[in-house]
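Can you read through this structure? Questions will come right after.
When the chains are written out, they are named A, B and C in that same order, and each has its own residue count from 1.
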């Protein structure tokens, strides 16, 4: 297989098809390894240290990375609220913090409220930096695990049709996923959202340039029978000026069993989590519900990235 | 020995005499192991991950579990304030959180402010859940370590006489300990408390049904010469309407050396900690003071539970 | 080599020249070991547990200790805000907390806001305690890494000339470093500070008694050409009654390239970090800038201390 050429992972745009395939192949290896006894990769990062530098808390994402590191035998330094607890509160720059931290760890996983902060840290750091979300910016490992879940389920990504539903304007997951889907052939995306949170023009123009078909629709019911994958997101109340508008919108885009029954049997339902009530609990037991499996896939994708960025190995 | 049949540990009522004996026998093994060189159990959970999901902080309990996991060679994911730092603050249900977390860890230790939450998590989780305290509900590992301390000291629990002192109404430790003492023969309990925080009727009725003798008394001095074990708890100021009532009550139930000298030489003093001033510091050096030893026993009991819930072994 | 005789590390005054040499020699060993493959010390603390008990947050110092422990193969229990999250908030004494914690760990690293707290904990604890900063009191491992950085760079400490700049009254690092420099021969220190934050008389008297030459000057420019090492510290605005006074002072003691060019080529610039703006970013690339290297040396010095306090070995 080709060499994994990245030193850092800070944005989805770093990945071409070849790199995606390396990550997915490695994630498959990691998944198999966790089932095997004895495990081939159990000690592979034994002498490595990962630092979780979370300037804003996200227990789920942090645990996903830390579980991945532990599964590979590595050690973990962790902070769940560095903004409040670190020298950042004394006015220290991210440049200085990163310069010091990269002396203590072999890899830094950073979550930060400022867009672009992970890329800035990567420029300073002598060790690999992985972006675990930088505010309204990027969350590339979420995009990778979304795509991996699709590929894992359908074996291919080419020729699939998607509905992305909810808050498409502020949700970074649907933006990144749309972007990465341009790497594949014969994709169609339906964007289903209230008017106030439609997908931005930049992504739609990019899709058009890259021959991905897209269409904006307001009725979820109409597209459900047409798609292979429904990607739900949370609609945030605070985006609406008018409470009645919000209640209309939110109600329209709640996925319950009545709506799920409009879907094809072979289709899947995804959600980046946490959900509030945009997918009814009754849906959890339906075989099309893949969102908990999707969260679980985060483990394999993050094991893959840690291994690829830290392992001494040929791929 | 019989098989340890529990998948989860969420309440004291799960334990019968046989299960208690398995836990105590294993705790003894763990205690011996920590003294041995080389240690038989040092790597036994090497490939396992424990997640400490603390929705409310408790550094002592968390460290006790994490130390137990580290002593068995396992890895740890930790959060000390999940309520504030996790998706719970975004409205995610415990059901969803648990469904995700059980993909990242092999065992979950949960502390939560809502009674019943650990049992709820256990119903959802694909991995073992241990309740590390759920609000005014249960704290079963505290009850187990209390009982282990008594058994460790006296070799038996049958035929012992207890005084439980202080806040018996709101203190979950004395409730659980009373409950578990019904498994043993010829037990007598004196409940010593101010009127406003007397033991509730449910426990007293349960004791009577199960042939445990009990008696409510207001004078600590009178019972001290009669008992094998004095179990002290903190009286909380906020339970009292009248400050003078509080001061009378609190003063009456402070264990100082003058009172300790009324006890038999062979008796012991216990306390779940933290204490404020209900046991005078001068008592710490007395040979009857067992509360720091009791805290330390938490390590062996938790090692035992982690091993029994996670180990691949026949008992 | 002589035996490392300390059980705990709570203040700089515990170190004589022989102990300093043991620490520095061991730190050199640790530095070499981290470059070696296979590593001699990688598993040397494998069965040991370090507890980071940080009553006030300091991510940098905490990560430095935890990285040191991980590099030696040990396990870590960690709390980043024990003041808020532990029983301290319920009124528990440090005596009780330490008595319990030393049952869960083999070594305690403590940061606390109260001067003297680490020494108090050391008196109670059955396991080694390292002071990671106790308020306005001591931060002995910072003093050791400062001295190690100087020795590492110049091979010797005898015969060197220093400028200590900024807040000399409230900065514990310059106080501790001054104290430790009395162990060496033919030292000269220039104290460069605004009038409101001059070095206290106790240290100056101690230097005089111990034959260390010192001089107070107000012009940074005048001393820069004369010294081997410039030790910068942050001047805190809140020390000044008059804003204009502050601005004059702060401006006067900012080290930019214009001032660095007054220094000798062989000299070095140190800073305990975090900095705000007292060293211009342009200086970072100059070969004399040693402050990030200094932070990194914290790792080796702390590995050395953990090893010396915990390892079963002859030195």
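We adopt the following convention: a residue touches a chain if its C-beta (ideal position, glycine included) is under 8 Å from a C-beta of that chain, and two chains touch if they have at least 3 such contacts.
Not measured: the values here are computed from a predicted model.
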Cα superposition of chain B on its sequence copy chain C - rotation in ° rounded to nearest 5: 120
Proportion of interface numbers common to chain A and chain C (over half same, under half different): different
Euclidean distance of C-alpha centroids - chain A vs chain C, Å: 41
Give the residues of chain C touching no fewer than two other chains, as numbers and ranges. 78, 80-81
In the complex formed with chain B, which residues of chain C make contact? 47, 49, 51, 53, 75, 77-82, 84-87, 90-92, 95-97, 99-101, 103-105
Would you pull the chain A residues touching chain B in the complex into a rising list? 39, 42, 57-60, 62-64, 66-67, 70-71, 76, 78, 80-81, 273-276, 281, 292, 295-296, 299
